[in-house]
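Before we start, here is the structure in question, set down as structure tokens.
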Amino acid sequence: MTNYLLRRSGQMVLTLFLIVTLAFFLVQAQPGDYAAFYSLNPDIPAEAREQIKASFGLDKPLWQQYLIHMKNTLTGNFGVSFGHYPRPVIEVLAERLPRTIVLFLSATAVSFYLGFFLGKAIAWRRGGVLEYAATISGATLFTAFTPAFALMMIWIFAFKLGWLPVGKFLDPLIWRGAEVTANHVFSYMLATAAAFVVFAFLTLLVARKSGRFATGRLPFLIIAAGAVAIPVAWAFTGIGYLALDILRHMILPIATLTLISFAGTMLLTRNSMLETMREDYVMAARAKGLPEKVVRDRHAARNALLPVITSLVYSLIFAIDGSVIIEGVFSWPGTGMTLLQAVRSEDLPLVMGAMVFIGLFSLLAHVIVDVLYVYLDPRIRYQ
Amino acid sequence: MGEGTSLFEDAPEIDLSRGRLDLALVRLRMAWRTLRDGWAVFVESRIGVLSLAIIAIFALMAFSHPILMATVWTPDVYDPVTGYAFDRFEHPSPPDWRHPLGTDSLGRDILSQLLFSTKSEFILGITAALVTVGIATTVGAVAAYYGGLVDSLLMRLADLIIALPGISLLIVLSALFNLNLFYLALIIGVLGGFGGTAIILKSQALSIRVKPYIEAARAAGGGHFHVIFVHIIPNLLPLSLLYMMFTVTGAIFAEAVLSFLGLLDIRMSWGIMIHTANTGGYLLAGANYWWLIVPAGASITLLCSAFYLVGRALDEVVNPRLRRHDR
Amino acid sequence: MTMTTADNQPLLKVVDLSLSYLTRQGPVPAVQSVSFELGRGQSLGLVGESGCGKTSVANCLMRLLPDNGRLTSGQVLLEGQDLLPMSEEEIRRFRWRRMAMVFQAAMNALDPVYRVGQQVVEAIEAHGIEETTAQARQRVARLFRMVGLDPQLMDRYPHEFSGGMRQRAVIAMALACDPAVIISDEPTTALDVIVQDRILRELKGVQRELSMGMIYITHDIGAVAEVTDRVGVMYAGRLVELGDTVDVLHAPMHPYTAALMSSFPSISGEKKALGTLPGEPPNLVNLPTGCPFHPRCAHATEECRREFPPQAQRGSQWAACWHPLNGAQESEQS
Amino acid sequence: MTSVKLTILCASLLSMFVLLGCRPEVVREEVVREVEVVVTATPAPGASAQTGQPSAPTDRAPDPTPGQQPAVATPETSTAGDVTENVYQLGISEDLTTTNYWTYLGPDGTIWNSYVLGGSKPSLYSYSAQRYDWVPSLAEDFPTPLAEETVAGQNLWTTEVPLKQGVKWSDGNDVTAEDFVFTAHTVAELELSGNWPSIVDSEYFDHAEALDPYRLKIYFKQKPGLARWQFGMAFMPILSKTYWEPVVAEAKQAGDVIEQQKVLYAHVPESEPTAGGFGFTRWERGAYAEKERNSNYYFADSVVALYANGAYAESKTGAYEFTAYGEPGGDKTLEYTVGPYAGSAIYSIYSSQDATVLALKKGDIDFMLNPLGLSRGLQEQLEGEDGLAVIENASDGMRYLSFNFRKEPMGNKAFRQAVATLIDKEFLTSTVLQGVAIPMYTTVPEGNRAWYNPDVPLIGKGLSRGERISQAVQLLKDAGFTWETEPRISEDGRFVEQAGEGLKMPNGEPMPAMEILAPSPGYDPLRSTFAIWIERWLNEVGIPVRADLTGFNLIVDKVFTRQDFDMWILGWKLTAYPDYLEAFFHSRHSGLEGHNAGGYNNPEFDRLADRLLAETDLESARQQVFEMQAFLAEDLPYVVLFDTPLVEAYRSGQVDYPYTETWGGLQSASGMPALVHFK
């Protein structure tokens, strides 16, 4: 296991290195002068341009520029945003990141679960009406023109039915008196989610180690207790109503993202299930007289999950990609919107920074998936 | 998806000394047989057949545009970019017999735009797919055949590329370069070709490499290139075809999104049609101005999902483990 | 054969069992009119070339059919209860509780993501054999010892087991609910000969000890001779000969049985030229008329080609053949 | 197991309701600031900007709205109680990038910053409502005329300005001449960038001096024209010396001037004193910004009146009375009382126009701020909607076609006139573009009433297709152009039966193939439509041009950065005071990166432009601008094409404005937060 994780981390460091290199050479390769982008922006004072040039080593030979770029990036110096001058790029991105993570991790989790659930259902009842319905609607939603579709969702649920807010991530009227910033709440939400995941993970791990109550309900009851404890704890923080407001604003984007992205996971799960369903241990499980649902969920689906989990990376990356559009339509100021605005306003340092951040984010996705994989597949865990 | 059926599983029976023509003939015959068998499996998927029919309809539409322009449509009125429907006073105007899908806010015929764009989308999709598959089969075959350092390098590169979010990357590229349809196809093709598709084709190529007929070909004195291009790559083709379908979907979708965001340098496409409707403020108008959004929007969805579903159906042909129980 | 239940009913009675698979080429009869009986403590071997329908019979008995499998006729009476008309839920309760299975490829019969012990516990708990998980685990420990495995191993994962250990674990799993009948589908194919032999003997021992009925499916005549009391020979989905193992092996009535035996080394281990069976097993989609074996049979006559033969009886042994062999002649060969 | 999951779900949901119940009452303390006053002021209109994208023409809009609510005063009466309940909710499309006023007028001059931040700082003078008269704000009266004076051996030009007394910052300090001196000196000493140099131009501004707290004297190095003084420094936003002095002092400690600027720009103000109707209270990045009512706003309850005879009157009971531009009398064209009538203004960010419109329809916001206004489809949707009013105003932009004068035949006046003649602006704007654009013939938009010259030569206006072609052909022939085959027009004059071929220039060389750079339809369908039609019309007479529809950045790069092009189509967002005419067309600006990218070089025009720069009198400046417009409309360095009207919508069921007819629409007055009434 250690070997596996070491090798994967090595690959990731390499990937990060390549992303940074790619960013550098893309800027180099674009028509026009690399230096010009950094130095010709009329909003930047003339002397500041010189300074920027020097700090990026634009007067030096290419390979030295490259080394400087690499050093800058690795030390978190992405330069200064033109559009937010003189805020450092890293600060702008750090402000947007929690929002993107909260929204897109939840959306990916929901869509992954839905896709997996449907996938295993349609594989199990192959050829049923459900399969046709799910495949066609899944593929249609998957290829639906996202901006129009997202807008339609807003129109229906926020405007016509009036159930949910029209975009944004909070309601100013609720937040007016709040003493904390939204990012504060986002960070607490993230921390809570992380704590809960760790808690659930540890509970399951302990359960598995002790072997005793592995099949019992106790661990689930403990996790349920944890789940109940969270809102109760939040209620006492005094900012619970703010978190609730954010959650309310998250429903529609999450629903939209889920609808457009569940099909990928669903169809993959279906194929993976069809393959595992032919395995002898599934037949054995059935022969053992286990209830159909146990055979399906604990044996077929549990094994089918392994290749599907690998695709979670792509689901996450797909979500990041979707964020460029979804964030715009839902007025959700995350990294995707930042990237698009930076591109439109030619805020090149911010573009590069956002790209590296998004690259980092997808690396993070790889890490999460690797850890999950190790947890889920004993064959790797015990190697 | 690791192992699939091979087109020419029984190829080693061919005596290599019998000359290329015979070899080609035998290959052709076998390819035909495989195709026929594959088709039999394919038609079992109702969704696949339906999707193929949709693609065929779109192909017809693409071909019809130049014909219509040359015969019944005068460029003054029907040119997708510079035309203007003089017979109307208000634009966008609703459909009637002269403009079956109405006109856009600039007085241009929507049907003409739709048909014209269909052609571009096909060119885009197919170029991207060919580039992807061309690169991916070569990369996959070479990586599998040589192994070692070549393999590691190519596969690390692939790992890197699949870690990149495609649309975001294209947006960044559009900021740096002036992207037109051809460059877009090329970039999508290259990203796909060196990325995920290469990995999948490589694992397929690996299973082909260990087949006895490859040994036979090498023993018969086939050079590296000969083995790769004559024996390995043809056997990768069925799987490549499958991934071509997915690439087409991706390319058309990417074009639509980038055009919608106004980041591409092209005059007309489905994405531009929606973009025009959007900048005119008609995206919300829904039912009142459906012809501005529905034809292009539905075309994107239909053609993308058709290619996608054909790919899925092909998957069942190529990957026997997905087939129904059968003896 | 003589061991029947108290009320004189055989433990397991299969009557006129037929199964077809629906395929693109049309329905394929995989099992046709198979009938046999099995008494308590008795073991029955089913032999035949691969693709002859042995495993399909086993699957019918467990009602574990692929979704294109259709039972066209027959009865499977276990302790007098017909399994075939049962609902899914009823059959589920019945499986493993009364009739368990040792799988063909023990390698793959264990789910790689769960601990081995847990997979046995799962079966025990599914049928409510033990009250608590702790008791279930004690039972698993007992079973492990019974099949010669260290109970400590129950918290290991399958990939940490050797092939032989896995096979034993699968046997332990089959025994988990004290079934009345155990079906062993080529349980030892993937193992090396020495391990094979040991496991066979242990299997036989356990079966005797627990006085279970056993159906033993194999293409290995040697194994049949070792573990079974009676043996049935299958060809093209039909049972073509059935009798006490000793009788069938010494004096086969069906030419196919004889040919099959001649293609295996002698039970006693003497080296001997392998007789070869000419031709290939028939394509089930397109069965020859009459006796399906006639294209490969040296004794085939016109009537063999025309009509499926009736049973020719000799004591407790019978064969479906127009021209059953004289046992004495054939026994010389063995 | 499923039941367990279900339990988890139910439990979570349940506890969420518990949580809902626990929501604390938001206790809002009445923020009573010791504030009195302030003037809403605006910085001077700086240089004009390239109009970029249709959805946000210039994000670096350097012109943060011409004159906001004119400020005037009478002590505040008892409106406070009920007014604070009102919340004016506005939608903006992009987030602020700063709350620091120095930064906002420096490197971060986005339109969105100006919507929210503008209007909180006093200025000496400002524009009047609707008419753009030049009126005092913090100043008590008009300044003394510029006078020459010798100070310490230097010949300087000076002027004195009397200030109103009693105007206070929200921290209780008086707004005095010292604040002006501090602001102007900070800009000069730190060499602040962005819009600041056009406000405080170091080539003109020498220093300023507070003669006493309410009397200011400004010294100029050379005689400043209108652009530098009246429409420059006089509009300078004045920042609080008390608050900023320590920050500036700290900034000056930093290394070179760049570092100093950085320190100043990076400062995030906290409870910075305001002098406007509202004080900035909260910025939730990415979500909304909130300004709260300044309850002691000096100009609250002042009354402003405009008269049909041109007179302007402003008064605040017990404080002051002011009149100018004639004797008040006769019909009033406008009269209103300054608020604010809202307790707070909230600017919510909706990043897509469609979402903003839905929020408006749903009632989440009262007005959407958008520099481009509503597109036609959205306008149509909102019209006739209950509780919504749709208004249309002239806008402050200009789209044009221009030439590279360094190349033939573009340098040929007859050629340019022929091109202008061939372009049927009316056909394109009214027929093809369905009235979403207004044809233009001169370089000052019609909405800019004070400066617009209606009597310029209207080349090609009202001609039929056939007339256009024959006139253009005649123009070219007279200038010595020749054809192998002349274009022939159909009898009904609607189509060209035979396109012109083999066009030769007067020097006998064949006409070179040329390119028109224009934004792609993805970027701006209007300009690309124009480009495509122009391509077609020019081709018809045999002028070989091709429209190259491409990215905005690429055009800017080719035209302004590298000057490698034939013709281009772009647009400008224009300021009220048209000194941009000098920047666009004076030959001194024709270098790389200069505004005169086409290299237009006409000594006659240069003289006119120079004279305008030096002009200090408003009325004669107006005459000169008229003259320049007429000159340009004939010499055609730009073929001015069109402008778009600005359509806006507000919740008329909820809010009401004293007036809605104004150049550039309500957005140009930042949605009038200090004037808006509630129903």
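All chains are identified by letter, namely A, B, C and D, in their written order; residue positions are counted from 1 within each chain.
Simple rule for what comes next: a contact is a pair of C-beta atoms (placed from the backbone, for glycine too) under 8 Å apart; a residue touches a chain by one contact, two chains touch by 3 or more.
All of these numbers come straight from a predicted model, not from anything done at the bench.
Any chain bridging chain B and chain D, meaning touching each of them, is among A; the list is complete. Each chain gets a centre from the mean of its Cα atoms; the one farthest from the centre of chain B is C.
By C-beta contact pairs, the most connected chain pair is A-D.
The centroid of the Cα atoms in chain A and the matching centroid in chain D are 40 Å apart.
Averaging Cα coordinates per chain places chain A and chain B 27 Å apart. If each chain is reduced to the centroid of its CA atoms, chain A and chain C end up 52 Å from each other. Mean C-alpha positions place chain C and chain D at a centre distance of 90 Å. Each of residues 178, 263, 278, 283-284, 324 in chain B touches at least two other chains. Across the assembly, chain C contributes residues 67 that each touch 2 or more other chains.
Those residues of chain D in touch with two or more other chains are numbered 53, 354, 358.
Of all the residues in chain D, the ones that touch chain A in their complex are 1-2, 4-5, 7-8, 11-12, 14-16, 18-20, 22-24, 26-28, 53, 56, 59-60, 87, 89, 94-95, 97-98, 103, 106-110, 191, 193-194, 256-258, 261-262, 265-266, 282, 284-288, 290, 344, 346, 348-352, 354-355, 358-359, 361-362, 364, 553, 557, 561, 593.
Chain contact summary for the complex, chain D toward chain B: residues 53-55, 353-354, 357-358, 374-381, 431-434, 436, 520-525, 528-529, 532-533, 536, 549-551, 554.
Partner chain C is touched in their complex by these residues of chain A: 126, 211-216, 279-281, 283-292, 294, 298-299, 302-303, 306, 376-379, 382. Against chain D, in their complex, chain A makes its touches with residues 32, 36, 40, 42-48, 51, 82-87, 95-96, 99, 151, 154-155, 158-159, 162, 165-170, 172-178, 181-183, 217, 220-221, 223-224, 227-228, 230-232, 234-236, 238, 240-241, 244, 293, 297, 327-331, 333, 337, 341, 344-346. Of all the residues in chain B, the ones that touch chain A in their complex are 1, 46-47, 156, 159-160, 162-169, 171-178, 249, 253, 256-257, 260-261, 263, 274, 278, 283-284, 286, 293, 297, 300-301, 304-305, 308-309, 312, 315, 319, 321-322, 324.
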